[in-house]
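Each of the next two complexes has chain A plus one other chain: chain B in the first, chain C in the second.
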Partner chain A sequence: MDIIIIDGLSFALPLFIMAIGGIYCEKSGVTMLAVEGLQGFGAFAGALAAVAVSGIFAGNSPVPFYIAMVFAVAGGAVFALIHALLCLRFKANQVISGVVVNIMAMAMTAYLTKLLNRVIFGAASDKFVLTVSSKITIPVISRIPVLGAVFTNLYPFELVIVAVAFIAWFIMYRTRFGMHLRACGDNPHAVDAAGRNVNKVRLSAIVICGGLSGLGGICFAYSISANFSSSIYVGYGYLAIAALIFGNWRILPTLGACLLFGFARSGGYRLVQVLQMPSSFQDLVMILPYVLTLLLLVFFSRQNGAPRALGEIYDKGAR
Partner chain B sequence: MADYIVEMKHITKRFPGIVANDDVTIQVRKGEIYALLGENGAGKSTLMSMLFGMYEPDEGEIFIRGEKVRLESPNHATRLNIGMVHQHFKLISNYTIAENIVMGMEPVKKLLGCIPVVDRKKANSDIAALSEKYGLAVNPEDVIANVNVSTQQRVEILKMLYREAEILIFDEPTAVLTPQEIHFLLEIIKGLRDKGKTIILITHKLEEIKQIADRCAILNRGRLIDVMDVASTSTKTMANLMVGREVSFETDKKPAVPGDVVLEVKNLDVYNRQDFQVVKNVSFQVHKGEILAIAGVAGNGQVEIADAITGLIPIRGGSVILNGTDITHMPIRQRTLQGISYIPEDRHNYGLVMDFTLSENLALKDYFREPFCRNGVLDHQTFEENSSRLIEEYDIRSGQGSSTVVRSMSGGNQQKAIIAREVQLDSELMIFVQPTRGLDIGAIENIHKQMIAQRDKGKAILLISLELDEIMNCADTIGVIYNGEIQKIAAADTLTTEQVGEFMMGVRHADKTEHTYVGEGMNAGAADKEGKET
Partner chain C sequence: MKKGNRTWNAIKIPLFAILCSLVAGGVIIAVTGSNPFRAYYALLQGSGLAPKASYANYKNILTDFFSYVNYFTPMIFAALAVAVALRAGLFNIGVSGQMLAAGFTATILVGYSGLGSVLAKPLVLLVGMIAGGAAGALIGFLKFKFNINEVVSSIMLNYIFQYVVSFLINTFYVDPVSRQSAEVSAASRLTLMDTPVGGLKMDIPLGVIFAALAVVLVWFLFEKTRLGYELKAVGCSRSAARYAGIRVGKCMVLSMTISGMLAGLAGVSYYLGYVGSIQPKVLLSTGFDAIAVSLLGNNNPFGIIFSTMLISLIGKGSTYMKSTAGVDSEIASVITGIILLFSACNVYMKWKLERRRQEKLNAKDAQNGQGGV
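What follows is the complex of A and B.
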């Protein structure tokens, strides 16, 4: 039981922060299908930074991980500018732009990983090898039965994510910026009439989305895979988008959806182990969150509360 | 000179293919209600858009409080204390009223002494105070999506006042309101003037100008025709100047010569989407050569009657018989082919495909049959011929003729297109729902003539309208509906306007407090519809 909670959380939280990124972008009225590519590129940037500085620090030092985090956020944010450029400046179709960003991220990072490995590190490899982040257990409260598992064997990044998620919620619902951002997704003309620049708000939203996606990506790279390679592109980003849709573009319900996905995955693994099924079943279990996605889509798609102006290209002159 | 707060001198504005304003000069005094009167497309909105900084004039100068200005943006205009309520409201549907009003100028408080957050409490109390001060009743904490159109309009007005606007521009403010709401709005506008605001009112409705405006500038096809004192000018003179020809308010019509029954509605029961019974046991007959008008306050089930007859909503009880055939459960296209023409209330959603061309829209009821479609392939030649003929015959004006995208056409011409399409079907039964809504007086006159001409040709006409004048002018028989029930059906010449008005209010059943309540409910229904349209 404990292990289901521990593994479930470590999967759900990076998903959650990526979904929050998606919420930011979509709440501002820009369709965001590029989470997958953004998290991958963020992870790439972070992993590159970690590998580059790894020589300076001792093998078990946590510092490279934090450096990686910073670079992952920056990398995701910079890469998101492509989406912003296509959608805002060139008023391209936002769905297509998202797909383009995904494909570009996959191709570019695969190529750059090999190239940089050869040129800088002199190794023929298609991955950056990382460590698995060390884990911490919070004393006292971790001893509460069942619930204590939530505070046991945590990756430090889980705490970072919770803090960032709270700040993101606060900005979205309590500040002027957040108010303008959500307004842009409902009726951009009203924002314009109120004297705010719609495209600037949307640009910020896209960049924030990129940063948060990158953060999610590096967390996956440091936990599940312990390296950066193209195996990062297995659909976490799409799962995050599914989560935010089930969460009705609201942060707390989205957390619920992410936890559901996380526990479905860790529970499935556990089941395979307990029943001592052949390891090939593990791969089958990997599809559990996606099957859940499908089922949830059937039941929840009717009551979706998408932002009204989502995907609409904002044109000042049009009424 | 000094007492003019706004002066726009020799303004000319050209758009591709059209001169929207041609050497127009207007001067507005502080503290007056200045009306801009003109038909759809006369250039009123363009002129005011320039005053609000949305466009820049090609020629001419603008002076505010005697100072020459170049208005670059709506923000700039706002800083000069100019505010505008647009025809299409600019509101965030899932925000509260207070949030909508303060947006862009939110009161901010510091959390823990350093983190700036929006101070909702102060916003709510500020808006409550503002709404109190100007007598514009709103609840600051209501969410926009849940309030009706007239409340939304008050929110737009409060938005201007919150920004301390002194010059208030209203662009066709009554177009979306019911008669009672119009009355309240006009009172509000008067109140604002009495508090020292200057008001510019864009409209094509003469009675509103007569009621509240001090002076009135008349525009026709981009040119300023005249500026006059409203008090000393007759409505008739203003109407003639606006349209550019003699208009008659009274519709000429010969007495009706009713023939056989065309449409028979028996004990009709209709439920809306919320499973609420909106039409209760309604029965009536429409004969050849007769206009039967159904009068009623908005939201009393009259639109649902039309939707049930045409098949847009299912019928729960009773029957509809057209020329002896029971069409109660027939699919829509079969009903049309049985002989129904339908001019719907909501012309954007049900009457037209807005992004299709005029020639395609004119063929919407025919495209599937010969000669428009041969062996499953559309024949563009026929589309073209059909639309050229109708454009000619019905004087439908548009930028590029048959290939004009309908969205770019004026409301009056869109309606002409629908009427052209429906009338040429030559159906036995023609249903007109609110056919003149939002149109100017010239277009209204035209539509009434068409309708009566069809009656004289022996068609059966069902007219559903909220405008009592229209009903009194056109109908041969009047049915009054209240709360889903027909209160009275009688020959038009046996009823006075006052009597019809009383039946519309349901005086036979309810006391005064109760029918005002029902009125409020209706407005909410109307608000829903408006929301969908935009």
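What follows is the complex of A and C.
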């Protein structure tokens, strides 16, 4: 039981921060399917930074990880500019643009990883090897039965994510900027009339989304795979989008959806272990989050509260 | 506007996109210290469009070319699948998953059955179409009935297919040596492998004939039939189509079904044509590259032939390029990505061109007006 909670949380929280990024972008009225690519590119930038500085610090030092986090956020944000350029400047179809960004991210990170490994580090490898982040246990509270598991064997990034998520929530619902952002998604003309530049607000939303996705990506790279390679693209970005749709574009319900995915996944893995099934059954367990997503969408997509101007290109002259 | 002029305008933008991407790719290759012209020539050589320096036994430029045709056949089907959905305003990003589902179903039903070649080959096509069509129809149905974004549902299905097929292969059909699914019977393969023709050993792809047929049929559907017209109307504006009395839901499900059937054909022509087995846990990039191909071809069936040949050229030739010009084969997908990036801007470029034409006309009118006074 404890293991299910511990593993579930370490999967759900990176997913959650990516979903928040998606909420920011979609709430501002820009369809965001590029989370997958953004998290991958963010993870690439972070992993590159971590590998580059790893020689300076001792083997178990947590500093490279924090440097990686910063670079992952920056990398994701910069790469998101492509989506912004296509959607805002060139008025491209936002769904297509998102897919283009994903494909670009996969192609570029695969190429660059190989190239940089050869040129800078002199190794023929298609991955950056990272360490698995060390875990911490919070002393007193972790002894509470069942609930204590939440505070046991935490990855440090989980605390960072919770903090960032809270700030993101605060900005979205308690500040003027957040209000403008939400208004851009529902009634961009009103925002324009109020004297705010719609495209600027949307640009910042896309960049925020890129940063948060990058953060999620590097957390996955440090926890699940312990390296950066093309195996980072396993669809968690899309899972995050499903979570935010299921959460009705609101941050707190989305957290619930992410936790559900996380526990379904860790629960399934545990089941395979407990019943001592052959390892090929893990493939069957892997489909759990996806099947769950589809089923939930069947029930919740009907009355979904998508932002009203979602996916529409803002045209000042239109009525 | 004259017809020829319009065709030229339609071609101008993709050509521009290709040119930009090749230049961008060339710059990347040059920066990393290789000769871009040699790299691009190696792409042609690898695809049998230019002679190589030397050939192995029983091989020459023609075998390379046939192998290239064999390679791009699935891509034509896949790009048509994307185009049919896009024309109706839907985005089928699940082509890869549908290919896998169709390829796997055909493999276990026909590929392992031991049927004779006359019966097996048509059956493979049929099973592939049915399986792919069913997967596509499911996505369309979910969209129509439950308002589920087709992008999300098809991606979820991609992963579900990938893992379920991987599980089934590893449990029942695995070849212990290759760690892939056991090879399908030669009778069911859509490519006649290593057929001796005039002192050469060639892979003759039969699928390409059906691909050509599919191109014509899709063109016919959209240009000459009522259903095609309705699909296009739904793609242009869902609400306008509804007011015109078109049953939008039916159209969405139908277009996804047709799209899925084409994806199924892509699947069988890959898994039971180009290769003879399925690698577990791997989703092909064909379905995603097909989006680039379709966009580049303006979603026009005949345009798709050319864009398929181009994009496949980059993919197919990249292995040879790596061995001769020393350029990482991953650059191929980077170039494809850049092409995609430029073609995503086509609406903007079209608008820009149109505006420039208008301005020119206006200027001319103003001049004429002055001359008249």
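Following the convention adopted for this analysis, the second predicted complex is superposed on the first by the 319 of 319 C-alpha atoms of A that agree within 3 Å, B and C clash if a C-alpha of one lies under 4 Å from a C-alpha of the other, contacts with A are read in each partner's own complex, and residues count from 1 in each chain.
Everything that follows uses one rule, which is that a residue touches a chain if its C-beta (ideal position, glycine included) is under 8 Å from a C-beta of that chain, and two chains touch if they have at least 3 such contacts.
This structure is a prediction, so every number in the text was calculated from the model and none was measured.
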**OP:** For A:Ala163, decide between first (touching chain B), second (touching chain C), both and neither.
**Re:** neither
Original post:
In the superposed arrangement, which partner chain does A:Ile141 touch: chain B (first), chain C (second), both, or neither?
Top reply: neither
Original post:
Which partner does A:Asp186 contact after superposing on A: first (chain B), second (chain C), both, neither?
Top reply: first
**OP:** Applying the touch criterion given at the start, work out whether A:Thr175 contacts chain B, chain C, both or neither, answering first, second, both or neither.
**Re:** first
**OP:** Please work out whether A:Ile245 is in contact with chain B alone, chain C alone, both, or neither, and reply first, second, both or neither.
**Re:** second
Original post:
When both complexes are superposed, which of chain B and chain C contacts more residues belonging to chain A?
Top reply: C
Subject >> First, second, both or neither for A:Val132, with chain B first and chain C second >> reply: neither
Original post:
Touch check for A:Arg308: first (chain B), second (chain C), both, or neither?
Top reply: first
Original post:
So, A:Met286: does it touch chain B (first), chain C (second), both, or neither?
Top reply: second
Subject >> Residues of chain A contacting chain B in one complex and chain C in the other >> reply: none
Original post:
Which residues of chain A touch chain B in the complex?
Top reply: 174-176, 179-180, 182-183, 186-187, 189-196, 308, 319
Original post:
Which residues of chain A touch chain C in their complex?
Top reply: 33, 82, 86, 90-93, 95-97, 99-100, 103-104, 106-108, 110-111, 114-115, 119, 234-235, 238, 241-242, 245, 280-281, 283-284, 286-287, 290-291, 293-294, 297-298, 301-302, 304
Original post:
Can you list the chain C residues touching chain A in their complex?
Top reply: 32, 91, 93, 142, 146-149, 151-153, 155-160, 163-164, 166-167, 170-171, 280-281, 288-289, 291-292, 295, 328, 330-331, 333-334, 336-338, 340-341, 344-345, 347-348, 351
Original post:
Considering the complex alone, what residue numbers of chain B touch chain A?
Top reply: 74-75, 78, 86, 88, 90-95, 99-100, 103-106, 108, 111, 116-118
